[in-house]
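Chain naming follows the written order as A, B and C, and within any one chain the residues start at number 1.
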Amino acid sequence: MNQHAQLIEAFLFWKGEPVTVRELSKSLNLALEVIEDSLGVLTEQSEDGRGIVLVRYGDKVTLGTHPDTSEAIEALTKEELSRDLGKSALETLAIILYQGPVKRSQIDYVRGVNSQFILRNLLMRGLIDRAQDEHDERVFVYSPSLELLAHLGVKRISELPDFEKVIASLQAFEKEE
Amino acid sequence: MDEAAIMPTQHTYTIKTEQFEGPLDVLLNLIEKRKLLINHISLGEVTEEFIQFAHRLEGPHGLRQKASFVSVASILILIKAKSLLPILDITPEEEVDIADLEKRLKMLELMRKVGKTLGLVYGKTQIFRQGNFRREIRIFAPAKDIGIDSIFESINRALASVPKKEKELPKVRMRQVMSLEDMMESLSTRMQSALKMTFTAFSKAPQISTVNLNDAEIVEVKRAQKQHVVVSFLALLELVKQNMLIADQTENFAEIDIGATAPGAILEESLSDQEDVVS
Amino acid sequence: MNQHAQLIEAFLFWKGEPVTVRELSKSLNLALEVIEDSLGVLTEQSEDGRGIVLVRYGDKVTLGTHPDTSEAIEALTKEELSRDLGKSALETLAIILYQGPVKRSQIDYVRGVNSQFILRNLLMRGLIDRAQDEHDERVFVYSPSLELLAHLGVKRISELPDFEKVIASLQAFEKEE
């Protein structure tokens, strides 16, 4: 694999969304012909039984899983969505229910560990929603989804058990910092 | 890109950690300041300054900090005493303490050096994580274990896991070791008796090789050795006197000395003994 | 690349977060030895100038961009990695990287101070992971996160600066006693 193909593969992996060939050329400061050549190399490799392949539709390219693995991946996706949340995810969800909208840093602080992957999974399962913080656009805040509230059978979060008391404790921690 | 990919460590609370330096940090700084290697000799050389440093410790951390300084100080004094009076008997337990201190210092020195290198490398040629290819996916898929009860149980568990700040004294453990004061006293006694023995020992067995020396020179060496012992002992007593100032401070320890049964036991901050446990 | 390596690569890509070898084995219904063999194949490929590499610590694996492409991608990232790791944090990370997995007592032993808060801070930042000790379930052990290795630009800990030398010194200290 040549250096340009390597860079393009890394870029697409990091980017995580389809990009146009023109964007690739601009971002990586490479001529369009170089990009096309390298994409050719990546396509060839994709045929070579790798797990990650170059997906191209029209002008856009991205990375995806090899079609041969589709069946397995599909089954895994189903399994993932039906799996129990587990202790850590439940804890995170509980914090978002009581305290939402809440920043990731606040969740991490209460839990004492990094919650980024758990939040991603809760988002995919539609249990929480994400929005930009009113005060700082670079920061996201997380809230319980309406479906989750319906599923729990609560109309307002204040109906959650011991709501006032829990909120008071959570606020007490924040003040300490 | 999802949030995780763009802002890996931003916007997190930074907890104020140890603003003070621990006894090993202080000791290592003293040795490094003098550009010495870590061994009995260098430890003996910095003993006095270390004890002075410990004595000056104040502030909210004061008591907790001092406890850990005192246990290191007691080992240093032992090393000093032994270096001044080689004939002094050291118990096997004390030998272990001394070797242990040296080992910890060497490890800390190495880890500091490695840490510095890591600081230079950190973030320089990163391996980047993949962007979130699946962020568009959103399928409402509640799990069986989600319910009001499990949510309530989880929030309580989360609340319980937040560490308590300084308001609460750290759990401490009593170790039946001598206080610094007791240690000084017993050391003084041990040194005096060792000293008496030394003079007899010297007349019998010279401690340095005198093979190539003539008689007059041998006498000279012996005299120098005896003088050295006397001078050293006086120096040590001086040191002990200074240390008594710290030894007095053990009174303070008594205040937080909850459940102390035996007098003269010192508070050991439970560094190594109190493991953080799975909640 | 064999079929199993292909499936594992696809799985790691689909998952998009660190997974344990055990999880791989369970999710893909493959024996641990098969997983190990295939990970070996993927590691070899990582060396082969590809854009995507396998990052591994002990039982944990994930995919990342090849270090050779760092500079180009770094130039494209808008958010700076916060580099404010203090002396104590670096010292603690060094202990965990070169001596991990370690218990808190082992870290405290070397540092001579209580490391509870610094560990919590590093956990929150996702730089270290916490797990139950194999031998004593009641106790936590700390290990470097794959994120930490990635930030340091190494695929595994043996690529850390002076790794062999530091390990040899540490062993020598142990023997001296």
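What we mean here is this: a contact is a pair of C-beta atoms (placed from the backbone, for glycine too) under 8 Å apart; a residue touches a chain by one contact, two chains touch by 3 or more.
Source: prediction; values computed, not measured.
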Chain whose average C-alpha position is farthest from subunit B's own: A
Pair with more cross-chain C-beta pairs in contact, given B-C and A-B: B-C
Subunit A-subunit C separation of Cα centroids, rounded to whole Å: 21
Whole-Å separation of chain centres (CA-atom averages), subunit B against subunit C: 29
Chain centre separation (subunit A, subunit B; CA means) in Å: 44
Subunit C: positions in contact with at least two other chains: 13-14, 16, 63, 65-66, 73, 79, 120, 124-126
Two or more partner chains touched - positions in subunit B: 7, 10, 12-13, 15, 128-130, 132-134, 163
Contact footprint of subunit C on subunit A as seen in their complex: 1-3, 5-14, 27-28, 48-52, 63, 65-66, 68-69, 72-73, 76-77, 79, 108-109, 112-114, 116-117, 120, 138
Sites on subunit A touched by subunit B in the complex: 10, 13-17, 62-64, 81-87, 90-91, 93-95, 97-98, 103-105, 108-112, 116-117, 119-120, 123-127, 130, 136, 138-140, 145, 147-148, 151-154, 160-162, 166, 169-170, 173, 176-177
Contacting residues of subunit B [partner subunit C, same complex]: 6-10, 12-18, 20-25, 68, 72, 96, 99-100, 102-104, 106-108, 110-112, 114-119, 121-130, 132-134, 163, 170, 269, 271-278
Subunit A contact footprint on subunit B (complex, rising order): 1-5, 7, 10-13, 15, 128-135, 137-148, 150-152, 154-159, 161-163, 165
